[in-house]
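Which chain is which? They are A, B, C and D, in the order written, and residues in each are numbered from 1.
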Amino acid sequence: MAKSRFEYVRTYEQDGILLPNTYVVIRLDGRGFHRFSARYNFRKPNDKRALCLMNATAKQVMGQIPDVAGAYGQSDEYSFVLRRECRLFDRREAKLVSTFASTFTAHYQFLWPQYFPDTRLDGSMLPSFDARAVLYPSLREVRDYFSWRQADCHINNLYNTAFWTLVLGGGLSEHDAEQALMGTNSGDKNELLFSRFGINYNNEEAMFRKGTMLVRDVCSADPSSPESTDSRDVPDQHEKSKRQVEREEKARRKAEIVEMHVDIIGDEFWKNSARWIS
Amino acid sequence: MAKSRFEYVRTYEQDGILLPNTYVVIRLDGRGFHRFSARYNFRKPNDKRALCLMNATAKQVMGQIPDVAGAYGQSDEYSFVLRRECRLFDRREAKLVSTFASTFTAHYQFLWPQYFPDTRLDGSMLPSFDARAVLYPSLREVRDYFSWRQADCHINNLYNTAFWTLVLGGGLSEHDAEQALMGTNSGDKNELLFSRFGINYNNEEAMFRKGTMLVRDVCSADPSSPESTDSRDVPDQHEKSKRQVEREEKARRKAEIVEMHVDIIGDEFWKNSARWIS
Amino acid sequence: MAKSRFEYVRTYEQDGILLPNTYVVIRLDGRGFHRFSARYNFRKPNDKRALCLMNATAKQVMGQIPDVAGAYGQSDEYSFVLRRECRLFDRREAKLVSTFASTFTAHYQFLWPQYFPDTRLDGSMLPSFDARAVLYPSLREVRDYFSWRQADCHINNLYNTAFWTLVLGGGLSEHDAEQALMGTNSGDKNELLFSRFGINYNNEEAMFRKGTMLVRDVCSADPSSPESTDSRDVPDQHEKSKRQVEREEKARRKAEIVEMHVDIIGDEFWKNSARWIS
Amino acid sequence: MAKSRFEYVRTYEQDGILLPNTYVVIRLDGRGFHRFSARYNFRKPNDKRALCLMNATAKQVMGQIPDVAGAYGQSDEYSFVLRRECRLFDRREAKLVSTFASTFTAHYQFLWPQYFPDTRLDGSMLPSFDARAVLYPSLREVRDYFSWRQADCHINNLYNTAFWTLVLGGGLSEHDAEQALMGTNSGDKNELLFSRFGINYNNEEAMFRKGTMLVRDVCSADPSSPESTDSRDVPDQHEKSKRQVEREEKARRKAEIVEMHVDIIGDEFWKNSARWIS
């Protein structure tokens, strides 16, 4: 069998190696979730079951891939940040994004019956996700990335809350609700919710307003882990002993995954970030 | 909400656009299927249920993505070739590989109970797939790519058939079977199967020996489609009228997907390749 | 000396390999040639010395790099097309573009005194060029690429000829000449040149109107070279014998470089393209 | 003129944008300088004229491109590091490497007569350079990069000094000198030079042993520039006012370029690195 005659086609594969020692953020987005959420009757403006399913799925992914330091989810998207030293799959981009997309999809479908016990998935509309990888050379940018997503969550959720309150509570058509909100700012929407419907937006569920942050609390598994170090002082991976690398890997595997629905834009959240990302 | 302050992080995203007018092959590989197949008791050397599940899954993917012209599967891998004119997702590599991996995963899990009715999937070991994209500028290389995978199928399947026949039929330990086959060529393995076990390898199921080729028979849906043209004469996408592009797109959606277990290395199979790839 | 301690920085280098078996076009552009041409008093609208210097430089580059099949130059730019089989520098993009830019720059400066014997270069304004590489999977696109550049040459040269005729022959200010040409099409400019200045644009020098095409006439060096084959039938590089590859390489080295100032948009020029590109 | 019909070929260009906020090191290497140095009779083991020509050329490049923070040269290579905030050419890789290669080549040839007044360049062997770009996300890696090049300089120069001393001073053939040095370590070579030829290697010229470091002393041009800040505290480019960015740009243009032949592996050199790189 002339195997070797065809093997040259392998030389057309391109490596696609992500720059070493750089944070990798992998963001997954639900494909066609506008139609998907309509098909499966997601509640408006937020379906708690759907968000909890996303969070449970993300935890499974983090459980299986210890290099994920933290993750942030809102709506039908989830962003995972990998430690800057991560060498998973030799940092091959295609392998990373496809594996995250596949693993997330697998757990989402598997967990579905727990969160939607009365709704069976239909083979003609299964949940699927695409993924992309973005590199950030410093922790500052990683923080700004997560802030960007939470700001996006806030803007969308405030709009959606006002919109669906007008529709479901105020009896407006979707078209009229859209018109009513056109040109309004955040203050206007808060005021509208409060004055017309007695809703204090800040009392809405934190998970809806803030999204969900998952962090791997490495210190919970390894009390000797340095809390106060910052990324500048941490020795590079190649300077660590093999034993130390293995000890840290084990600590990550055992570490608790903590779920939070808090502000991640201000400084407070990032004060202890060395506990989970470094 | 200071959204704009964080938006700069988007500028770190890289396009990753695949070269236009070039065939894209997307190959999916089962992740950890050695352990996976052991966990779910796949039959050796081939589990027909598992292969048929792969094929059924691949057909679902082809059904949803009309730009797939054909696909070849064997063992736990599947390769999809996209038309060279394909503009799906603006040819963004990450979006393509993650979507294929996710969609394949979703259908594989969904179809699982049809093929393994007595075996429930276990949340700690769900099937998942990684994916990569490779570009080929000419049909010659696409053909050689598929030949490469079928040659690989042949070599592995002949080995596995001999190995498991020695173990299951001959009572050898796995270690002894490995030793017995060390250094043997194809002829030796054929001879061993025939003389010691009365097995004519060529009578084994074609799907095991040849793998599975799926092609979208565009002509079945559009009899006016040119059969005899070759890639050189076909006008470029940008020279086609919009109406023609839409008509072809519709034909692809309606086209039958044909499953074959035949030799794809020789010329015969490629004689009518203009029917499905151009 | 702890050399190995630092060697890890090499792992940050990325390959940047250009897709095999694909035409590579490398386009060089003069850096800041608007100021450069003013500084060295280039004649308007065309300085024949400057164009001939570009052409002579390009021939030197082609002479040194046999993988260049042909080149097209106009104004301060030159495009080189490499054979699709070219393996120069393992097809590393950075090495290719930097080497072309450097080699072109070296010869341009070296040849300068032959074309501008009365004008010495000034160290504060030396000629330099940037370069980029673009991949084209088929000959059709290579042809369209060259057509694109010649169409660009035509449009710019017709405009510049009309503009400078108005300024130098008609006594208009540059501002007034610009106004006079605003909104005119090709026919208007031809008419203006003819009716007001008695200039038949088609009688202008072909090098100005058509730019310069350089082709390596391989057949001149190897009469046995196939003239009638097209790219589809040519065996792939990996199917050629080593001796044949070497013979072809030698023929390219010895082949005459032919300079032409002709239409390269129509079919005529491409009829014999197998003589120089395949 | 059907310009638009061909314009589609532009869509095949790929961006090749280097990751923002990351140090870019551009390394130039002389092409075929083994033959080049033989052709122009460079002195062995070091030709001071040739090294000074490299340094003078690098200074011209730094003078023209203010984003270069520093550079290190040895033998026929030069490495330039760009500020992490650098946005030159929108960080397009091909444009960066080709421009550096071209500009360096232009000045090298132009300055040649100053350093080799008695040796005219020959058109059949002009000096040229290739270039590559490597990204480093942190200052630690930039430092290690320069250390790697200086360690390389040390090892090669000690070897070459011993080799040519054996040949030129000891009368050995090149073959015998090579044999004599095989398997020797640094101590052996030092000992050999001292005991047999009375040469204390540490008294050799620092430029030969240490190579040449060029830094842009920004503080010399802007005394208010922060000396003590480190990269972590410096606000990101996008947080700086436009006026501040322009002031810094101006300071870089005016800043003195300082040449040093010192150890750049130890901490001492890097203590004041905020003066030139941040």
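Observations, loosely collected:
Here, a residue touches a chain if its C-beta (ideal position, glycine included) is under 8 Å from a C-beta of that chain, and two chains touch if they have at least 3 such contacts.
What you see is a predicted model; the values in this text were computed from it and never measured.
A count of C-beta contacts for the chain pairs B-C and A-C puts B-C on top. Matched by residue number, over half of the contacts between the chains of A-D recur in the interface of B-C, chosen from B-C, C-D or B-D. Distances between chain centres, each the mean of the C-alpha atoms, put D farthest from chain B. Taken over every residue number at the interface, the positions common to chain A and chain B amount to over half, indicating a same-residue contact.
Chain A and chain C, compared by their mean Cα positions, are separated by 49 Å.
Distance from the chain A centre to the chain B centre is 31 Å, each centre being the mean of its Cα atoms.
If each chain is reduced to the centroid of its CA atoms, chain B and chain C end up 43 Å from each other. In chain A, the residues touching two or more other chains are 8, 12, 14, 19, 21, 135, 141. Remark: chain A residues 1-3, 5-10, 12-14, 16, 28, 31, 60, 89, 93-95, 97-107, 109-111, 121, 123, 126-136, 141, 144-145, 147-148, 151-152, 154-155, 186 touch chain B in the complex. Contacts from chain D toward chain B in the complex involve residues 8, 11-12, 14-15, 17, 19-21, 238.
If you check the complex, the residues on chain A that touch chain D are 19, 21-22, 84, 135, 137-138, 140-141, 230, 232, 236.
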